[in-house]
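Consider the two complexes below, in which chain A is the common component and chain B and chain C are the respective partners.
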Partner chain A sequence: MKELSLNILDITENSVKAGASLTSIIIDEENNVLKLTIQDNGSGMSEEILKGVTDPFYTTRTTRKVGMGLPLLKLAAEQTGGSMTVESVSIVDDPLSHGTKVEAMFYQDSIDATPLGDVVSTICTLIQGHPDTDFYFRHRILNQDKDILVEMDTRQIREVLDGVPLNEYEVIKWIEEYLNEQYAGPDDTEQDVT
Partner chain B sequence: MKSLAELQKIKARMQDRVVLREGSGDIRVVVGMATCGIAAGARPVLNEFVKDVSEEGLSDKVTVSQTGCIGICQYEPVVEIFEADKEKVTYVKMTAEKAKEVVEKHLKGGSVVEQYTIGAYQS
Partner chain C sequence: MKVSDLLNNGFEEITLPDGDREINGVYIGDLLSWVMGRAQQDNAWITIMSNINVIAVATLADTACVILAENVELPDDIKAQAEIKDVNVLKSSLPIYETAVRLHELLP
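Entry: the complex of A and B
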C-alpha cells in the first residue's frame, strides 16, 4: 500500500463485513510515533482464525477466510520498527460483547515509514460505501509546531440528517470539508466573532 | 467553519429529492474495493465516479457502489457497469482520468469505451 490511509480503508472494510454497526478509527500522532487503533463491534474471530490472521501463508481453509489486509498492515508497522496486535472476541463466545481491535504502532522517522496519506478520502470512501454503518473518527496530531484534534461521529451526523442517506453527494462533500477545515485549524479572521 | 446548522440546510434541501429518487437507478457502477483493488488505486477511481455522476446530473439513473474482490486481482482497479437488458461491461486497470471518460462517454453518451474493457486487455 502506498499510504497508511489505504491500509486503514482496507482493515475497516473487514469490520463492516464482520457486521459491525460501529467502527472507531483513532490515530494518535505524537512527535515521531503514530498509533493507529481500529475497533469494531462486529462478529469477531475465533481463536483459531485469530492465530493465523497475520500470517499470509497460514491456512486451514477450504474457502477463503483470511486475506492479505492484516499482514500488509503488520509489515508496514514492523518495517518502521513498530508493531501490530489484534484482539478479538467472537460473537459465539460472547453474544453480548464482541468485536475486533487492531492496534498498530509506527515510527514515522524511519526511512521505511509509509506516509499516512489522505485519511479524509478514506473516511469519505467508507461512508459512501456503507451509509448505514456508523464510524467514529479521531485524529490527534501533537508535535512542536502543531496541536490538532480532528473528530467526526456519523451518529451525530445521522441524527441531524433525519433520514437523508449519508452517501448523498452533498453530504459526503460536507463531511470532506468539515474534516479538512478541522485539519486546517481555526480560521483567525472568524475567531473574533465569539 | 462547517457547522451542523449547514448540514441541517443540506438535509432540508435533500429530503424532497431523495423521496423522488427511490426506486430508480437503472445503471449500477460497481467498484472493487477489496485489498487488491485498494492497493491498485481503486479509491480515487471510486471517488471520481461519485463526483462526476453527481456533477453531471446523473444521480437519478446511476448508482455508484462498492464490492469485494471479484477474482481478477491482476486487472484491478476493476469497475463493472450493470444496466438492465444489457450485457455487463467490465473496465480494468482503471484510473481517475479513465473514470471521467467512462462517465462522459458511457454513462452520459451511452457508448462503451472499448479500449478500457477487459476484452481489450485480453486480446
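Entry: the complex of A and C
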C-alpha cells in the first residue's frame, strides 16, 4: 500500500467481517516511532489459524487462495526496522471476552517508511460502510513542534444523534470536519484578537 | 515466447515449475500492493523484492514469471514455496532498466 491508512482500512474491514461490534484504531506517534493498534471484539481466531495469518498463502477468504492484509502490514513495518504482532482469543475458547489485536510499530525516519496518508478519510469510509458497528479512533502526535490528540467515538456520536443513521451524508461530513478541526488544533488567530 | 526460452539469454533459473508458460508483456515494480492490482496475467514481472509476499502477488496477478534483477537472491524456503505454488522465478545480473531492455529485445 502506498499509504498506511489503506492498510488500516484493510485490517479494520477484517474486524467488521469477524462480527466486531466495536473496533478501536489507535495511532501513537512519538518522535520517530509510530505505533498502530487495531483491536476488535470480533469472533477471534484459534491458535492454529493465528499461526498462519502472516503467511500470504493463508486466508479466510474462499474466493481466492491468498490473503494479503496482514502480510503487507507486516512487510511495511519490517521495512522500516519495526515489527508487527497479532494476538487473538477465539469466541470458541472464551464466549465472553474474545477478539483480535493487531499491533504494528514503524520507524518513520526510515527511508523505506510508508506515509500514514489520509486517516480522516479512512475513518469516514469505515463509518459510511458500516454504520451499525462502532469505531473508536485515537491519534496522538507528540514531537518537538506538536502535541496533538484527536479522538472520536461513534458510541458517543450515536447517543447524540438519537436514531439518525451514522452514514447520513451530513453526519459523515460533520465527523470529517470534527476530526480535521482536532488535527488543526486550537484556533490561534482567534486567541490573538481577545 | 516461453519463460524457459529466457535461459541462456542472460537470465538464470532460480526455479521453473511451469517453464512452458508464454510471456505476453512486462511489468516492473517493487511496491507489492501496487503490483498486485496492475501486473497483467502472463506478464514477466521484474522486481528487486524477494520476500514470500512476492510469490503470493505473482500467484494473485497470475504473472508468467518473476525476474529478480541485480542478482537478488531468493532464500531457500521461499524458493520451495515458489515451486509448490507453480511460480517461475528467474534472475538477471543486470539492473532493472537493462533487464527490461534485454526482455524487449527478446520478446516478439
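Here is the rule we use: the second predicted complex is superposed on the first by the 179 of 194 C-alpha atoms of A that agree within 3 Å, B and C clash if a C-alpha of one lies under 4 Å from a C-alpha of the other, contacts with A are read in each partner's own complex, and residues count from 1 in each chain.
In this text, a residue touches a chain if its C-beta (ideal position, glycine included) is under 8 Å from a C-beta of that chain, and two chains touch if they have at least 3 such contacts.
All values reported here derive from a predicted model rather than from experimental measurement.
Look at A:13: by the touch rule set out above, it reaches chain B but stays clear of chain C.
Of the two partner chains, chain C is the only one touched by A:55; chain B is not.
Once the two complexes are laid over each other on the shared chain, residue contacts for A:174 go to chain B alone; chain C is not touched.
In the superposition on chain A, contact of A:96 is made with neither chain B nor chain C. Of the two partner chains placed by superposition, only chain C is touched by A:75; chain B is not.
Taking chain B and chain C in turn and counting the residues of chain A each one touches, the greater count comes from B. By the document's definition of touching, both partners, chain B and chain C, reach A:1.
In the superposition on chain A, contact of A:111 is made with neither chain B nor chain C.
In the overlay built on the shared chain, the residue A:163 is in contact with chain B alone; chain C does not reach it.
Overlap of the chain B and chain C contact sets on chain A: residues 1, 6, 68, 72. Of all the residues in chain A, the ones that touch chain C in their complex are 1-2, 6, 55-57, 64-66, 68, 71-72, 75. Chain A contributes residues 1, 6, 9-10, 13, 17, 67-69, 72, 121-122, 124-125, 128-129, 156-157, 160-165, 168-172, 174, 177-178, 181, 186-187, 190 to its touches with chain B in the complex.
The residues of chain B lying in touch with chain A in their complex are 1-2, 4, 6-8, 10-11, 13-15, 18, 33-36, 38-39, 43-44, 46-47, 50-51, 53-54, 59, 64-66, 68-69.
Chain contact summary for the complex, chain C toward chain A: residues 31-34, 36, 51-53, 55-57, 59-60, 81, 85.
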